[in-house]
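Two complexes, one shared chain (subunit A), two partners (subunit B, subunit C).
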Partner chain A sequence: MIGEGLVRADGQAKVTGRAVYVDDVRPEGCLYAATVRSPFAHARITGIRLDPDFDFSDVTVVTAADIPGENVVALMTDDQPALADKVVRHVMEPVALVAAPTREKALAAVSHILVDYEPLPALFDPERSRGHEPSLFGSDNVYSHITLVHGDPDGAFASAEGNADVRIIEGTYRVGLQEQLYIEPQGMIATHRVDAEGAPGLTLFGSMQCPFYVVKALSRVLGHKRFNVVQAVTGGGFGGKEEYPSLVAIHAALLALKSGKSVKLIYRRDEDLRATTKRHPCRLRYRTVVEVRTGRLLAFDGHMLFDGGAYNTLSPVVNSRGVIHAVGPYRCENVRSEALMVATNTPPNGAFRGFGAPQVQFAAERHLDRIARELGLDPLDVRRVNLYRDGDLTPTGQTLKDIGAKIVLEAALERAQRPLPPGNGSGRPGGGGQAARLAAGRGLALAWHGCGFTGNGEANLQGKADLALEGRDLRVYTSSTDIGQGTETIFPQIVAAALGIGVGRVSVAPPDTDLVPDSGPTVASRTAMVVGGVVLKAAQALRAALASEVGFDGDFDAMLDARTSDAVLRVREQYADDGTLVWDPKTYRGDAYPTFGWSCVIVDLEVDLDTGEVLYRRLVQATDVGRALNPVLASGQLEGGALQALGYATSEEVVLDERGCMRNDRLTNYIIPTALDAPEMETVLIEIPFAGGPFGAKGIGEIPHDVPHAAVAQAIERATGAVLDRLPMMPERVMAALERRR
Partner chain B sequence: MILRFQVNATDVELDVLPMARLLDVLREDLRLTGSKEGCGEGECGACTVLIDGRAVNSCLVPVFQVAGAKVETVEGLASGLHGHERLHPVQAAFLEHGAAQCGICTPGFLVAAAELLAHTPHPTRLEVREALAGNLCRCTGYQKIVDAVANALGRQGS
Partner chain C sequence: MLRIAPTFEVLRPETLDEVVNLLDQHGEAARLIAGGTDFVPNLKHGLYAPEVVIDLKGVSALRGIEHRPESLVFGALVGLHEMETDTRVHAVLPSLSRAASLVAGPQQRRMGTLGGNLCLDTRCVYINQTEFWRGALGGCLKKDGDVCHVTVTGKKCVAAASNDTAPVLISLGATVELLSPRGVRHLPVDELYINDGIRNLALGHDEVLTRVFVPRPGPQRRMGFEKLRTRGAIDFPLLNCALAFDLDEAENLSEPVLIFSAVAARPRSISQLPVGRLDAALIAEFGQRAFASVRPLTNINADVDWRREMVPHLVSRAFEAALGRASATPFSLSNAR
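Now for the complex of A and B:
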C-alpha cells in the first residue's frame, strides 16, 4: 500500500470532466462580480462617485465604507486593507467592488465607478526603500531584516588578507519576479446560508490552499464567524492560492452581504496576472573565502535584498527561508547571512513554491561555479569538496544526520550516463533544425530544502487531524487541501496501511471548515510529512480506541465484527514534536527544520548561438523523498516543479511598466513551457527515511523548484562560455552574454 | 438565432447570440462544464473541444460557426453512464500514468489527445509533444501526459 502508485482518488472525476471547480458552479440567481482597481502605484483617493449616466439600478457597489468589521486582510501583520481607503499603495489595488446580474454588466459598471486620485511619489527601487521616502511600512519600509551568524566570519575574512592559500571571491546575482500561473484563475463564490442554530450566515466556496486562512481573514472583516469556507476542486496553486484567496473571499462576501444574493467572483487571466502575488525578486551579493587548491568554502558573507511589494503578506517567512538556505547544501564554518525584505509600490509579492529557496540557491550554485571558474577547478569537484556530510553543522548550528547530499549526486550522475533521448532539443519541430548553429551542454546543481515550517512553527501551530470510523469505513478530516499534489490519495494510503485494510475503505472529507479541524495551511512541503504524520497518529489512536471498546487488539475487521454498537467513533490527534528540536527565533540558532530533503539536477540542453534560445533535451533529478508514499504522485510533483524552474530559468519574465504594472499580462507574452519546450525527464526517487514522517516520508513539494534554473545556467556556460548570473536568461540576455565572452 | 448542432452525439437546438463563444454556450447554456477557461484567448487549450473531429479552442469560436456541426467535449469521451462508464483509452491512460494532477488542464489535453490518436494510434513521443503543444499544463511537467498519450493504445493498436 505504502509505496504503491495507486491511481489518484479524484482521478475519475478529473478525466471525465465531472470534477467541480469554482467556476463550474452557478448558484440560483447569482450575481457576477468585478473589481475596481487602482491605475496608480501610489495615490490619495479623494472621492468615489457613481457615473450618473450609467444605470446602476441592478448593480451592487461596495467600498471600504461598507465593511462591517475591520478593513484588513489579516495574515502576519494588519497592513493590507481589504479595500483601499484614502490611499492606494500599488497599481491594481482593489478600491471598490461591483456585482451585477451578468458578467458584461459588472465589467461595464467598473468603468463607471469614478474614483478621484491625487498621485503621490512612488517607490520602485528596492535599493532605495529602506529608510527612504515615501514611507510605506513601519518606520523604515523594512518588512523583515534577519542576520544569521555562525562561527567567526569577520575573523575568517580578516585572516584571508595576505594569505596566498586562500582567496576572496565575490559575486552578485539577480532573480526576477515569477508568476505561479495556476491554469485556473482565482475564484470564489459567496452564498447565503442559515446555520444549525438558525442564524444567517455565508458559505465561501472557492479555489484555495488554506481554508482556515480565509476563516481568520474574513472573520475580522465581518466581525463574526457565522460562515464556513469550503475548498472547491482547485486548479493549481503553487503558493499563489495560499494567502491571496483570503482577499477574493472577503470581496465576494462583502458583495453577497450588501446585495443579499449569491455572488461569483472569478478573475480574468490578465487581471490575475497583473493583480496577484508573485515570487519575490532578489538581489544577492555573495563574498566567500575559499581555499585556492580545492575551492573549499572557509567563510561566507551573503547579503540578500528582497522586494516585498506594497504589503507584507508572508514576506518575512520568505526572508527567513532565504537566510537559512543561502549557502546551499554546502558546509561552511564561518557564515554571515543577512536578508532584507523591503516595501515598494508594486503589487505585493507572496508565496510561491520554494519560498525564498529558489532565489538563494540560484546564487549559491552560481557562486560555486564562479569559484570553480576563478580557481580553474572543475565545478563538480568544488561541489564534492563542499557537500554536507553526516555530522556537519548548518549555518544555524543544527547537526545534520542521514544526509542524502552525496547519494543524490551519485544517483543523478549515474542516471545521466544513459543516452539522451532522440528528438528533443533541436530535434523537435521548430527547434533550430539543420541550419542552426548549436552548442550543447550539461549542467548540474544541488539543493537542500528544509521540510515543513521553520523552527517552532509546527509546535506552535499544533496541526490537527480527525479520523472517524463510519460504519465499516473510515473518513479522514483535515483542512489540508488537494491542489493536485494528491493529498486525497496519500492520506487514505497512510490510514489503510496503519490499520491493515483496503485503501478503498478510506475516504477524505471535503475541506469544509464546518467539518474539519485546522490542520494548518497547505504549504511548506508539510502536508504529507507533517499532517500525514498526524493522520497516522490518528489511525493508531483509532485502533486503540476500538481495541478498548471491544476488549482486544487484533485484526481490524475482527475488531469491527466484535463491536456491538455502530456509533461513529471519531478521534482527533495533533502535531507534537518529540521535544528534541531546539530553536531560538531571536538568534536564528538551533534546529531550523525537523529534516531536510536533498536533490541533484542534471540538465542537458542546446543553445542556439544565433538567437540565444535554449532548447531542453533532458532533465535528470535524483531526490531524497524519505519514503515515496505513492511514487507516481511523488515523481509527478518533482517533474512539475522542475519544469516551473526551467520556465524561471529561460522564459518567464514579468515585465513591469512605469507604474509597476505587469505589461505582459497574457499567456502569449508571459511564456511558460509547453510540451514541446519541456525536456524528457528522468526522476530517481531516493529513500532515506525520516523517523518523524509517516513511514519515513519527507516533504517534496518545493525542492524540485530550487535549483534546475541554476543547472541551466551552468549548462549554458559549459556549452558556450557565456556567464549568466541573472534570471530569467531570456534569449537577448544569452546573446549579450555570448558577446561578453572573452 | 436558433442554432442546431450536435454535442456528444446528441442533437441540440438553442436560441443563442451568434457571436456568443462556443465555450460559454457549452458551459452556461448546456451546463457542460468539463471544458475549462484558463485564458479566454486561445493560448492555454483548457477549453479544447472537437468540431467535426478537429481540436479547436472553444473560447475563440463564435457559436454560429458550429451550425450543423458535431461538437465533442470531454464529457463525450467515455461511453456509458456515470459510475459504469467505459473510459476512452486515453482517459484510462491518464489515470494509470498519473497524468492529471490539479486536473484543470486535463479535459483539454484529453480532447486534443483523442484527436491525435484517432488518426495516429501509435504516436512517437515527439508527435505527442507536437500535437499537445497548444495545451498548457503547469502541474505535471508533461512527462506523464506524454507517457499516457504515447502508450494509450498499447501495442495491440486499435
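Now for the complex of A and C:
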C-alpha cells in the first residue's frame, strides 16, 4: 500500500471531463459578476457614479459602502481592503463589483461605473521604498525586516583583511516576477442557503487551496459565520490559490447578499494575470569570506530586498523563509542573513511554490559558482567542501541529523553518468550539421527545503483530521485540498495501510467547512507530511476506539464483524509535536523546521550560439522524500516542479508597463514550457525516513522548484563562459552575455 | 470564459455544388470553416461576425492526396497531420512536410487543414486580443479603428501572414484551384496573397479554395524550411523561411528561391539571390540578401532586433536542411522535442 504507485483517485474524472470545476456549475437564476478595477497605480478615489445613460435596472452594483462588516481581507495584517475605499494602491485593484444576468451585460456595466480618481505619486522601485514617500505601509513601507545572526560574521570579515589565505567575494543576483499559471483561473460561486437552524446564509464554492482562510476572511467582512466554504475540483494552485481566493469569495458573497441571487465570479485569463499575486522579485547581495585553497565558506553576509507589492499578503513569511534558506545547503559558522520586504505600488505579490527559497537559493548557487570562478576551482568541489554533514548547525543554530545532502549529490551524479538521450537538444534526432553552433554544458545545483511551517507554526495551528467508520468503509475528513498533487490518493493509502484494509474502502470527503475540521492550509509542503501524519494518528485512534468497542484488537474486518452497532464511529486527531523543537521567533534562533528535504539537480543542455536559445536535454534530480507514499505521484510532483523552474530560468518573464500592470497578459506571450520543451526527466527518490512524518514521509511539493534554474545558469556558463546572474535568461540576454564574454 | 456569441447559423453542405450555391446565396454574410483552429479563436475574440458559417468538413471532394506523374494534388481538407506523416509526401516534398509538422501543436495539426492554413488570417499583437483589450486602444486599421499601433503613421495594415505552408508552396511554384459561382480559376500561391493585413487573400467572398497543385520537383531540386518560434509547440512563427534551388553534380547552385514570412501581410520573396558554386560564402550571401530585405516590425511580440539578427541564421539552417545535413528538426527555443 505505502510505496505503491496507485492510480490517482481523481485521475479518471479529470481526463474524461467529468470532474466538476467551478465554471462547470450554473446555479438556477445565477448572476454573472465582473470587477471594476483601478487603472492607476496610486490614486485617491473622489467619487463613484453610475452612468445615467446605461441601463442598470438588472445590474447589482457593490462598493465599499455595501460591506456589512469590516472592509478588510484578513490574513496576516489588515492592510488590504476588500474593495478600495478612498484610495487605490495598485493598478487592477478592485474598486466596485457588478453582477448581471449575463456575462456580456456585466462586462458592459463595468465600463459604465464612473470612478473619479485623483492620481497620486506612485512608487515602483523597491530600492527607493523604505522610509520614502509615498507612504504605503506602516511608518516606513517595510512589511518585514529580519536579520539572523549566527556565529561572529563581523569578526570573520574583519580578520579576513590582510589574510592571504582567505578572500572576500561579493556578488549581486536578481530574479524577476513569476506567475503561478494554474490551469484554471480564479473563480467562485456564492449561493444562498438555509442552515440546519433555519437561519439564512451562504455557500461559497470555488477554486482554492485553503477553505479556512476563506472562512476567516469572509467572516470579518460579513460580520458572522453563517456560511460554509466548499472547494470545487481545482485546476492547480502553486500558491496562487492560497490567499487570493479569499478576495474572490468576499466579492462573490457581497454581490450575492445585495442581489439576493446566486453569483458566479470567474476571472478571465488576462484579468487573472494582471490582477493576482506573483512570485516576489528579489535583489540579493552576497558577500562571503572564503578559503582560497578550497572555497570553504568562512563567513556569509547576505542582503535580500524583496518587492512585496501594494499589500502585505503573506510576504513576511516569504521573507522569513528567504532569510533561513539564504546560504543554501552549505555549512557556514558565521552568518548574517538580512532580508527586507518592502511595499511598492505594484499588484501584491504572494505565495508561490518555494516561498522565497527559489529566489535565495538561486543566489546561493550562483555565488558558489562565482567563488569557484574567482578562485579557479571546480564548482562541484566547492559544493562538496561546503555541503552540510550530520551534526552541523544551520544559521538558526538547529543541529542537523540524518541529512541527505551528500546522498542526493552522489545519487544524482551516478544517474547522470547514464548516456544522454540521442541527438542534439532534447530528443532532436541526428543533426550533426548543427553541432558546430551548439555548445553543450552540464550544470549542478543543490537545495534544502524546510518541510512544513516555520518554527512553532504547526504547534500553534494544531491541524486536525477526522476519520469516520461509515458502515464497513472509512471516510477521511480534512480541509486539505487536492490541487493536483494527489491528496485524495495518498490519504486513503495512509488509512488503508494503517488499518490493513483495501484502499478502495477509504474515501475522502470533499473539503466543505461544514463537514471537515480545520487541518490548516494546503501549503508549505505540509499536506502529506503534517496532515498525513494526523490522518495516520486518526487511523490508529479509530482502531483503538473500535478495539475498545468490540473488546479485542485484531484483524480490522474481524473487529467489524464483532460490532453490534452500525453507528458511525468518528475520531478526531490533531497535530502535536514531540516537544523537542525549540524556536524563538524573535531572535530566529532554534529549530526552524521539523525536518529538511534535500535535492540535487543536474541539467544537461545546449546553448545555441547563434540565437542564444537554451535547449534542454536532460534533467536528473535526486531528492530525499523521506518515504515515497506513492512514488508515481511523488515523481510527478518533482518533475512538474522542476519544469516550472525551467520556465523561471529561461522563458517566464512578467513585463510591467509604466503603471506596474502586466503587459504580457496572455498565454501566447507569457511563455511557460510545453511538453515538447521539457527535457528527458530522470528522477531518483531517496528515502531517509523522517520519524515525524507518516511512514517516514517528508514534504516534497516545493523543493523541486528551488534550484533547477541555478543549475541552468551554471550549465550555460560551463557551455559558453557566459555568466548570467539574473533571471529569466531569455535568448536575447544570453546573446548579450555571449557578446560580453568576447 | 471567451464564448462564441450565437449569432450565426451553421450550414453543412456535402458537395462542392452545394458549397458554391451557399456562397452565391449568402455572399459576404458567410464564412467558411474547415478545422476551425484559426477561425474559432478569432470568432471568440469578436473579429468576425458572420451570419452564416459554412462547414466544409462534410465535403468529401475536398479530401485526399493525388500522386500524379507531374504533380501532387492536395485537397483543401487534407489535414496538416496527414501531410506531416505521409511518407510519400515527405519523400517528394520534404520542406512542405516539415512545414506542416511545425504548425502550432499536435492538437491543432490533427484538426487543422492545408486549405485552412493557406487561408489563415493575418496576425498582429494589436488584433489577436479580446474585444475589451482592443477597445481600450480604440481599435486599429484591421478592425474598428483608423490608426495602426505598429507603424503609428502608416495607413496600411501590417498584420503578419503567419501561415507556415504558404512560403513553402510559393518556393515550390505551387498553384491553388479556386471555385466560385463564376467557375474555376487557378492562381499561383504567390498571387493568392496581397499586401494588405486587413485581408491578405486574393480570394473573392464567394470563392472557396478547393485544391493545391504542387509540381513534382526535378532530381536536382533541393528544398528546406525553417521556423523561428518561442517554444517547441503551439506558437505562431516569429519568422519562417522556405528555400529551394537546383544543385548539379558539380555543386553549382541555380534557380534559387527564398521566401520569408511572418514579417508582413504577405510572404516576402527575397530578390537578387546569387547563383554559382555552393560554398559557405554563397550561403552567407543569401543570408545578407535576406537580412537586407527582412525588417521585422513590432506586430509580433518578440524583440525585433533579435528577430532580425536571426534572419541569416535561419537561412543557413534552411540550407543545411535542404542539403540533408541537418536533421528534420525545427529551429526554436525548444526545437521539436
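We adopt the following convention: the second predicted complex is superposed on the first by the 728 of 742 C-alpha atoms of A that agree within 3 Å, B and C clash if a C-alpha of one lies under 4 Å from a C-alpha of the other, contacts with A are read in each partner's own complex, and residues count from 1 in each chain.
We take it that a residue touches a chain if its C-beta (ideal position, glycine included) is under 8 Å from a C-beta of that chain, and two chains touch if they have at least 3 such contacts.
This is a predicted model, so every value here is computed, not measured.
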item	value
Touched partner set for A:S651, first subunit B, second subunit C, both or neither	second
Subunit B versus subunit C as contact partner of A:R268, first or second or both or neither	both
If touched residues of subunit A are counted for subunit B and for subunit C, the larger one	B
Partner chain(s) touched by A:D24 [first = subunit B, second = subunit C, both, neither]	first
Subunit B versus subunit C as contact partner of A:T674, first or second or both or neither	both
First, second, both or neither for A:N664, with subunit B first and subunit C second	second
First, second, both or neither for A:L107, with subunit B first and subunit C second	second
Which of subunit B and subunit C A:E613 touches, first, second, both or neither	second
Touching partner for A:P731 - first (subunit B), second (subunit C), both, neither	second
Touching both subunit C and subunit B, counted on subunit A across the two superposed complexes	23, 185, 268-269, 423-424, 427-429, 666, 668, 673-676, 678
Of all residues in subunit A, those that touch subunit C in their complex	23, 103-104, 107, 185, 266-270, 423-434, 610-616, 650-651, 664, 666, 668-669, 671, 673-678, 731-732, 735
Subunit A to subunit B touching residues, read off their complex	5, 7-8, 10-21, 23-24, 26, 180-185, 233-238, 268-269, 421-424, 427-429, 483-486, 632-633, 635-636, 639-644, 666-668, 672-676, 678, 680-681, 683
Partner subunit A, residues of subunit C touching it in the complex	1-3, 5, 105, 125, 128-130, 132-133, 228, 230-236, 301, 303, 305-306, 309-310, 313, 317, 320, 323, 325-329, 331-337
Residues of subunit B that touch subunit A when the two form their complex	27-28, 32-41, 43-44, 46, 73-75, 77-78, 82, 85, 87, 91, 94-98, 100-107, 110, 124-126, 128-130, 132-146
